[in-house]
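Following are the structures in question.
Look at the two complexes coming up: chain A is in both, with chain B in one and chain C in the other.
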Partner chain A sequence: MDPHNPNPTPTDAPSPPAESAARLAALSLRGTRDLPPDFHTAEIHDLDDDDDDDDEGYLTAASRGGSSTSAWKEAPEGLHDDDKDGDDVSQPSPSSSGYAGERGSSLDDDPDPEPAQDWPRDKKHLHEDDASSSWRKRKKHFFILSNSGKPIYSRYGDEHKLAGFSATLQAIISFVENSGDHIKFVRAGKHQIVFLVKGPIYLVCISCTEESYEGLRGQLELMYGQLLLILTKSVNRCFEKNPRFDMATLLGGTDAVFQSLIHAFSWNPATFLHAYTCLPLAQSTRQAASAVLQDVADSGVLFVLLMCEHKVISLVGAQKATLHPDDILLLANFILSSESFRTSESFVPICLPRYNPMAYLHAYVHFFDEHTYVALLTTRSDAFYDLKDSRARIQNVLLKSNVLIEVQRSLHENALCVEDLPTDPSSQSASHPPESSRDMNSQSLSSEMAIGGPGGLWHFIYKSVYLDQFVSSEFPSPISNKKQQKRLYKAYQKLYASMHDKATGPHKTQYRRDEDYVLFCWITQDFELYAAFNPLADKTQAIKMCNRVCQWVRDLENEIFVYGESALSWQYHRCWGGI
Partner chain B sequence: MGLSSAAAGDGTQLCVFDLRRGQQEGQELDKILFFHPADCPILLQLSVIGLCEGIVTFTRIFSPEEDCEVIESEKHSHVFYQAETDIWMVLVVEKNKENELAWRCNALHGILKEAHSLFAMFHGPIRTLLDRQPSAELARGHLRTFITDYLSDFNVGKKLQFPTYRDSLKERGTVQMLTVSREVALDVQSLTTVLGSCLGNVTCQSLVLFEDLLVSTTLPPDDTLNLYTYAVLRLTPRALYANASSWSYLRKGTSVSAGPTSSSSNGTTAGERPLLRDNLSKGKDGFVAADFAATEARGAVPLTPILWFQQAEERMYLCIYQHKSLTILLLVPASSLINGEEGIAHVKKQMLENASQKIVTVEQKLTRGWGGENAYHVSGYRYLLVDPERRISRASPPGKVTTLAKDSLLALNMLRQEVDLEKSRYKRGDPCHDKDFEACIRTKNNAWVIAKISRGRELYMALEKGGETLLYASTAVEKFSNRYCEGAFSTD
Partner chain C sequence: MGCSSSVPARSTGGLNTISNDSSPATDSKDLRAKLVLLGDSGVGKSCIVLRFVRGQFDPTSKVTVGASFLSQTLALEDSTIVKFEIWDTAGQERYAALAPLYYRGAAAAIVVYDITSPESFSKAQYWVKELQKHGSPGIVMVLVGNKADLHDNRSVSSQDAQDYAEKNNMFFIETSAKTADNINQLFEEIAKRLPRPTAS
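Entry: the complex of A and B
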């Protein structure tokens, strides 16, 4: 098959198995080895701030995600839900559909295939393997392998060169499995090896980042979820038919998706809070967006998400369908890590593992601007044109009601800053956007700016239990660099794990002080508050600040949270006790 | 094979293996120096050791400097301790619904460490035994009897029961001290001086215990700890008369007799089986020694055990003298005693002549000032204080700890587990610099569980009536610290 001229139909009629497999192999090869040049033009943001303080940069823009979609879209027989195979006959989409799988066809349109290097491969350090000392010293490894020991994914190094290592991991896991037990983790000094067995798929994390077992296991669960989002759980059938099945080829080109997820583990609290965050917006603006999304949902779309980067602007589900925060996280990660989604509208099969791990949904994705995009999810594989129309309707409304402009403004201005924490909670009107409070209090708090917010407050995360949403403040000057921020998130993760201990939790409150921070956690039926203070912060003051933060968030809740139809009628105001 | 199919009914396994042995294929059995239960099928033993060795090797890929500590699986915990270079001890405990969260890894680790320290005190390092006799029969023989006798203390019914969350206000590997008044301290010091001069020119070392508490020691901390641990296990009046209703800070009130072991009938002496409870008894002269009946029947004089003190780097004879609640452990340097048992007899005579009166006086004064088993109870508090540097701890009496709700103890156990990890993190980061840490948790049953590390000292606490707010709980800790810890854990 000519890699530069793939079949332009997003949902081709089922092919005979052999042909399908051959095509799959060809596509996979293309996905991993012969990337269309436009996939290489992605801007490289080398944040160099991930778990490894040494050479471990991260690329926010993915290149191979786009090509990969073709690889996994053309799933082998049995990978699609059987019932749906028959429906997969649809009208050919026009070439403008922008279906990710056909991005290769744009080769001729792209005059500048300049940076055609293997940049994602550079970040993988492909020259390394388990014999390299640099590989052994990496702070956090992730491996996915099959129960026959075949490597599927490795964060670092070339999977093929890690076959021996992968076999060792398999041997360890299987040894314990064969005795009717399941290995959870091994600890050696600061190193922890965490195992997760999901049917025929084994996931392993080897880390010396001193995160909790629960935290690392949660990350492996999300890795598995990301895998399901791309392949669905039906991939298990391939292993049933052939235990030596090589799954790595199916995932060819999705490295960037996993790299991006792994990066999220160190900056996105959604990865351990199991909640999503919203872009702060005036209530009326959000209502305008929600109204049109609801219209669209009523016309037979399962979920409509309007997002700005990882933040939700509005989301609507059909009837009783609810979206799990983890699914939102994984979907956003998938979309944001695949550069091809940004360049034109796309229609791709994806699976929402928490919604239904067995079946594909079809996602129509369109970016309105660099950051803002809409994802329309349906069960119908032939809905491309309908969704395209729906998108146009949404776009119209968003433009007319200035939602996109407000979104841009919010992105740059509307952050919650601890310096803005009102001194007197009653003076903060619920209708005021957060920035107004900054003016109000800037003078009285100027002396405290240098050390963060009042009472030594540095940062907080507030999670609304009923809404499955969280809001977190911006980082103040004392934790301005990425390394400090990562350290704080790890401290939060530990605090979260400690508070939510399976046997004894959830606890009600926790105060924790070490050389880096004073940390507070407060869990009630309604909310969870995580707050970080200067390590010298006074306990009494800190408690006061926690109460004030809660009041502040409550005052702003209409701007910082999304209320669905049902949630709007729900009385959010509950009793507020003290710590 | 199968980890879950352990031969023992309780699923507990304890093995000692040497990675330098049995490196040829087919000779793997040679690695095993000890395995409990002894009747565990060889294939299962090999399987357990195979997994352990595999994991030790595997973790070294990433962590060449730090040993593998634990394998946690759904049904088992494997706790590792590299007792000597390439000689590993692994304790495997089986989980069930009741005890799943019962253990704290460091508490189990402490058992292995204690077993090895005591073994080395009586028999010397395992490697030395292996070097002395490469066939390993000597090492295997000593390990078999010693660890079997040691494990007998954990026997409850037919099962081994290791410390659980209910013991989260105890700290193995520490000494419990008796607090004495200044006046008594002077008497004790005077007694120690007399004990030290029993041999004439060379100074003897000594430990003095009252009940299960240490009154004085002249040995360095590690050696003190080992000998104190042995004394509390076997030599103090409570340990010696195991059936007497007594108490201990270290152990639950009721002791269980070791019961006969496979090799207990071969006439071994205390020197060979120092942990065999039946062997020890107090003679008419006040000295505690091994199995008099057996030895007299053979017409031999009871042998005085020679112990190896690692920190003091010296082998010393151990003489045990008991007067009522007072136990005196006198240590005579082996190098200074040329004529063996005769010399010991002379030392004993000297001791009785010079120190008897002082012993009686000290015992009387200590008994008079002794507050009983609840002497260190602080009303409203359930606490554990640890000074890891000096290997000292003090805790609420066990009888008081049992009044805590299960949820409080479980939460405290979990918190201690977290603190254990933080402590090892600190140690790796900067071993010379003490780091302070504090955690205060309001549990779902409204108890406060608290951990505080300050200048290297540790305080763990459960308060079930600590008030509603964090500030109440903090004030309670502050009061305790000021009143009982000389402000060591106070904020200012």
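Entry: the complex of A and C
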């Protein structure tokens, strides 16, 4: 173990052969030296500018695709800087390169104080580039570039000003590829640089958020999926024709889509669970919606999705057509982050990367109200008026059956709260009157409101493996602010990554305690349960609560999950077997 | 009564056309017209449409994705009622290849540029050429210089645009979606120029 490496990975990968190790050592040296000096600073964690929490900058809604008059930088200035301000990586050594093959995710729980602010959708800090100290201090960068080093997307700053930086990233990737290998990640002090190569398109995340390699790589995969949703994989042909092809202009006007996806990485569990979540609704209400959606799908529409924000109300696919949860996530993100959909009905080519990454589908999108919308997907480019008629049919049924009203009500009331967790009748320590249980509309006024649910339960996420759906509880008061919620999601992400670690797992249960929470994870072939308790919670009690959560979810299954839609009706009857 | 569709349907092969011939008009005085807006991104196509259809102007920029569909009815002085079915297309380059889907079968096309942006004027000329090559025969084409309220920053002269429009047999008008200047006039002029159905 290298004494200079402050973040030893718990599972060190087998060392590469000597020759390539030497090359990697050189790479590591170059890689870290190429970074601007601020990437090394230890106090980076004290800065209140993580991810989405920016309070400077300006509106840039239509920022892309325009001509850039800005100067192109020759190279990052860090190239010539010495490393004296980087305690952590002052002397990069072979073993600090972090090139650890499949593994290497750190399980350290290092709480990372972050500010709580609302997400500024349009802020991209266009005035920044790799020479600005504010840019270097960002905790999490995302870059998309072409294999010739041309910038395609950057989370912060103007892509055109980051040409030199992009070229550096490209050089790192091709340096490794030239030796017949490919690069997965590089560690530089507290920073992790994760690479994802997709043909001619390179995606890179530079982060000091302590997230696992698997987690960050999954996020890059979703970024790539979002890009395909907008452009399809046939964009690769442009690079075959012209390697210097400037793809950034093709993505004009889509900044908000990527910003919103990156934001989702810190609040939407669907981004790492690969499952979708439903809006809780009475079974009869959902059936009314599903029936008309099924009718429409039978008339030749490929997919019909009725959604409320990110939550599915109902979805139906034509025969044998199945929708992947990631496609639902990316489609919803695309629709919700593009303001123009809310203005009027739209007809838009989109690609569902998991369904068919090569081809466009045509999507008809209409918002019934501020939150609720329908998306009708077809392969026919001339189907607009048919889809418009179908939408009118759907709208009629939704109005007649009061579905839209029920949706509004559910949006405001029907959240699962841990305070409402039904009491186990045999439990003496229970502080809940049994009559308050199982009523999703009940508002608990007990003192536990202040401290979370019974047994110290704060929060849970339950994923049904067969349905590819999950439910998560509302956040109780101990984790009421955005910063705490984000921290909990990061803890869940880590938990997820460690449970699904291909090298050491998969695991069935995990129980861990740190100064923030007790985290408990339980995976069976039917479900995955992630639960957070207050850090003083008793282990036996916690396990008991987890059992009660599972029972509770089972009792509510008809309201919180979508069943039996042909698009996703795989073996749902097996869902509850053998808990 | 040839009112159900204001344009002859083009049934030639190739790309499909979005058209709706299903609902017949109720009165011979009524006209339905498919109208398409084309132009560079950010010139204000959506703002023109929203000003015309809803009387609104939203200064925050909302990038159109794909194409938006809106309709608005306009009564002319000769008591003709024109129902515009408007396709507000996205200006982004990635959607350029899809434009035929929206302009085929259109009775009228509004080609928009921004009077402060010479690039957008060149782009407008590109669209005019494309429409001349592939648009419906007899399509009513209008050249619109938008953002007329920003005349202090003007970089496309009215005369140049007027000359270009005349050469290409187009109607030319400068508008401001922000102040609503000339917006209704624009659509009235189009309505007047639409071919009338031959009386039965």
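The working rule: the second predicted complex is superposed on the first by the 422 of 579 C-alpha atoms of A that agree within 3 Å, B and C clash if a C-alpha of one lies under 4 Å from a C-alpha of the other, contacts with A are read in each partner's own complex, and residues count from 1 in each chain.
In the analysis below, a residue touches a chain if its C-beta (ideal position, glycine included) is under 8 Å from a C-beta of that chain, and two chains touch if they have at least 3 such contacts.
If you're wondering where the values come from, they're calculated on a predicted model, not measured in any experiment.
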The answer to whether chain B or chain C touches more of chain A is B
Taking the superposition on A as described, I'd like to know which of chain B and chain C A:Met358 touches: first, second, both or neither. neither
Between chain B (first) and chain C (second), which does A:Leu231 come into contact with in this model arrangement: first, second, both, or neither? second
Which partner chains sit in contact with A:Thr509 here, chain B, chain C, both or neither? Use first/second/both/neither.
first
With the two complexes superposed on chain A, say which partner A:Lys184 touches: chain B (first), chain C (second), both, or neither.
first
Between chain B (first) and chain C (second), which does A:Asp382 come into contact with in this model arrangement: first, second, both, or neither?
second
Exercise for the section: In the overlay, answer first, second, both or neither for which of chain B and chain C A:Asp130 touches. Expected result: first
I'd like to know which partner A:Phe347 touches here: chain B for first, chain C for second, both or neither.
second
Dual-contact residues of chain A (chain B, chain C) none
In the complex, the residues of chain C that touch chain A are 15-20, 22, 41-42, 46, 50, 60-70, 88, 90, 92-95, 98, 101, 119
Counting only contacts in the complex, chain A reaches chain C at residues 59, 61-62, 65-67, 230-231, 249-254, 256, 334, 338-341, 343-349, 363, 380-382, 384-385, 388
The answer for chain B against chain A in the complex is residues 1-5, 51, 54-55, 58-63, 65-76, 100-101, 407, 410-411, 414-415, 418, 421-422, 424-425, 428, 435-444, 446, 469-471, 474
Chain A residues touching chain B in their complex are 130, 136, 168, 171-172, 175-176, 178-191, 193, 206, 208, 210, 213, 494, 498, 501, 503-515, 539-540, 543, 578-579
